[in-house]
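By letter and in written order, the chains are A, B, C and D; residue numbering begins at 1 in each of them.
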Amino acid sequence: MTRVTVWNEYRHERDEPKIRQVYPQGIHTAIKEALEPRFAVRTATLDEDADHGLSEDVLNNTDVLTWWGHMAHQEVDDRVVDRVRQRVLEGMGLVVLHSAHHSKVFRRLMGTTCNLKWREDGRHERIWVVNPAHPVARELPLWIDLPQEEMYGEIFDVPTPDELVFISWFPGGEVFRSGVGYYRGRGRIFYFRPGHEAFPTYYHPHVQTILRNAVAWAAPTLGPAPEFEWSPSLEPRAGDRG
Amino acid sequence: MTRVTVWNEYRHERDEPKIRQVYPQGIHTAIKEALEPRFAVRTATLDEDADHGLSEDVLNNTDVLTWWGHMAHQEVDDRVVDRVRQRVLEGMGLVVLHSAHHSKVFRRLMGTTCNLKWREDGRHERIWVVNPAHPVARELPLWIDLPQEEMYGEIFDVPTPDELVFISWFPGGEVFRSGVGYYRGRGRIFYFRPGHEAFPTYYHPHVQTILRNAVAWAAPTLGPAPEFEWSPSLEPRAGDRG
Amino acid sequence: MTRVTVWNEYRHERDEPKIRQVYPQGIHTAIKEALEPRFAVRTATLDEDADHGLSEDVLNNTDVLTWWGHMAHQEVDDRVVDRVRQRVLEGMGLVVLHSAHHSKVFRRLMGTTCNLKWREDGRHERIWVVNPAHPVARELPLWIDLPQEEMYGEIFDVPTPDELVFISWFPGGEVFRSGVGYYRGRGRIFYFRPGHEAFPTYYHPHVQTILRNAVAWAAPTLGPAPEFEWSPSLEPRAGDRG
Amino acid sequence: MTRVTVWNEYRHERDEPKIRQVYPQGIHTAIKEALEPRFAVRTATLDEDADHGLSEDVLNNTDVLTWWGHMAHQEVDDRVVDRVRQRVLEGMGLVVLHSAHHSKVFRRLMGTTCNLKWREDGRHERIWVVNPAHPVARELPLWIDLPQEEMYGEIFDVPTPDELVFISWFPGGEVFRSGVGYYRGRGRIFYFRPGHEAFPTYYHPHVQTILRNAVAWAAPTLGPAPEFEWSPSLEPRAGDRG
């Protein structure tokens, strides 16, 4: 069974009563409940210990890590960022959520600024499936309406997605590539846009389906581990017939 | 100088007074004027002769072909379709406009249905640049507003674009990948969504910039002509040092 | 359980004693045995009936179709080609093998010539994994040596692959993109290069792993079925909050 | 005229007589001469000043930067790395050569390790064009033979290339994606594999054509400069008809 670690900054929900009302036990708990029982899920949060709950041991026993952060990206220790990045390149899946577009981990792995336009107005978001053959679109309708979300608008300064699954529409006139997949090293990364802390997005049934699909897609593929080194000539010869 | 042939079905403008008012000399003339004097432009139309103006000689002297069609796709002779497709695979650029998503030429080259959703309501279209490094985005603003257009909505059943430059927003709640590029054989294809016959889209200055950019991008690159044949062993040997 | 139909032209093995020695019960039987018991597999061959074994009923009950053909591409009925293409666009997976690069089905779906260079010299092929995060690379080593194969060389005239998994090396000095994936409509297509009828390629353990991986990858994702039609305005309104 | 700055580490050629024999005035001078007179070229080297010749002023007046480095990647100042990366994201082209796959600049922009396999054996390299429609393949033959080069082998740990133009073949049995293009921010990056300091690769006429093609391709496109900020609603209204 795929082992998932749900990471959450967990500050808004503790410090702001209005947000706590939406996610009384934190965004991580809502995501954990969306992923269970299909996956074996644990959670980790920024302030739980010096490793933010992501010790080497935890990461070595994680197949897919999901990441939600917003106001405290800079407080994430670079040691932990390096560790997560290394594990992704070695094969661990990573699902990056909403404002974590600006997390150190995502920016390091993308190489670009990951900047975008935004407006926190709590209006409508409509998410269109543009690749119905993609595993992350499994069991979804053609579009999903979220009654209240924060707006993110293009240009989204990320590398060209290897896989583009969703495009969002906002009533203010904006569009956004809101579900994109990347191959990086031996691992896979999925970024999913919605999930502002003030709205109950992660309770939405279709959003929960997307979370499960994204985790399943990002799970390690067990392809060969690259060897990066001086290499002897491997020239096949006449005798190589067996 | 890049030699462009602007092809137009030229039926709406002849047969419908309301459309003729918008494009008195045909859509092809408006496009021609947008491309001149930067390119050497001629036009060709469906009914001008048995080849629809696209004889072998014309195509052999065309670097980039632009294509607008709508109501008479089925009347385009398969010989001409084969000829155009062959020329694209050999290196001629192709710029496919609006309702030509359903042209025989585009469907043959794409392999998919090229279907989409639509609504002819003459409302707003906003076109967002999503790849500001792409040559077709040259000298454009971040977005373009067309006050009246037909709506096309996802899912757009085309192959994954090799290059995604524009995404459109419509007030009815739809999005559309409205500027996409493809490499096919030795040639390049750009599809650009706007251009409903009832609205003066091809007179819009930014749309005209896009037409010029798309033609410049699709112009032949003069890469090597593939050889498809039985091939002797070309194994480099010790003597191959010169 | 994913239901697979293994299609084979089945001429070489019947008509040429040398080939029959390699695949006494046909290439389809070797592939079937490689896919069992993980998948529910049936076979179909060109000459078994007027539908080449691919009636509507068979295809409607097929999740993934694998296709091997070589000398008789032209004998495949266009009705069947249309039916297969339609099913792929609706969601059926397609795994195209070796000389089936020139099958009507693959060419129709690709839109290009699918031409390449070749040399039937029975020398070495080495297949390199270039994307270790891709599901089709699952449980493979970094490279695979096939002691005897036919050479296929670039330029391979296909659309830019959506996913490039393998690149082959040949001792004559050639390279080839030998494992490539495509999204088309609601379905997925994987092309895998090796499999000349004169060599026991489909008995090779790593090749069998690739066949299983490719079938698993191409299996239907159950994403939403596109609607292509006139569409009313779906503009979200103030009331759309539930 | 496109303004090019050719950057070179310039250590091997100064310190090792054998290398100096190949490039008496440094690799940068050979590259400069290959690019002239089509482009306006200046050079810059690691040790020329505290900015390695890449002051803000120089970079602000550079359209395309080419980069060759090998033994002293770690000596490149992080301030300069940040400056170059920033300029690329703002629109400056970057052409990364050979062992600069491990330069700080390239690794930062890619986000992956950029590792690979290698063997310095001075044997043959054959470079195949796999996309004849790509501008970097302009005026090249189908393949190019370099009699002596260092081997680089897959897996090349870079993001999936946005554009794959060349694949190399080596007699030891290896392949390599040796010409790849990336869009990043408002800029473009081309990586070209050959160019070991011990061999006269940059004097080879076809390699010089590739250098010119890559610079021309990477030149700024003058697309719109992204705005990343809080954004007011831009909802088109009934009055937006002009």
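In the analysis below, contacts are C-beta pairs under 8 Å (C-beta built on N, C-alpha and C of every residue); 3 or more make two chains touch, one makes a residue touch a chain.
Treat the numbers as computed from the prediction; the structure is a model and nothing was measured.
Engineer: Taking contact as defined at the start, I'd like the list of chains shared as neighbours by chain A and chain D.
Structural biologist: Chains in contact with chain A as well as chain D: B, C.
Engineer: Using the touch rule from the top, work out which pair, B-D or A-B, shares more C-beta pairs.
Structural biologist: So, comparing the two chain pairs, more contacts are at B-D.
Engineer: Find the chain most remote from chain B, comparing centres computed as mean CA coordinates.
Structural biologist: It is A whose centre lies farthest from that of chain B.
Engineer: Could you please state the distance in Å, as a whole number, between where the Cα atoms of chain B are centred and where those of chain D are centred?
Structural biologist: Chain centres of chain B and chain D, defined by C-alpha means, are spaced 31 Å apart.
Engineer: Could you work out how far the Cα centre of chain A sits from that of chain B, in whole Å?
Structural biologist: One centre to the other, that is 36 Å.
Engineer: Going by the contact rule already set, what residues in chain A reach two or more other chains?
Structural biologist: If we look for residues of chain A contacting two or more partner chains, we find 126, 129, 131-132, 142, 153, 155, 160, 162, 171, 173-174, 183-185, 226-227, 234, 236.
Engineer: In the complex formed with chain A, which residues of chain B make contact?
Structural biologist: 126, 128-132, 142, 153-156, 160, 164, 167-169, 173-175, 177
Engineer: Help me check something: in the complex, which residues belonging to chain A touch chain C?
Structural biologist: 91, 124, 126, 129, 131-135, 137-143, 145, 147-148, 162-163, 171, 183-188, 221-227, 234, 236, 240-242
Engineer: What does chain D use to touch chain A in their complex?
Structural biologist: 89, 108-113, 115-119, 121, 151, 153, 155, 157, 159-160, 162, 171-174, 182-185, 226-236
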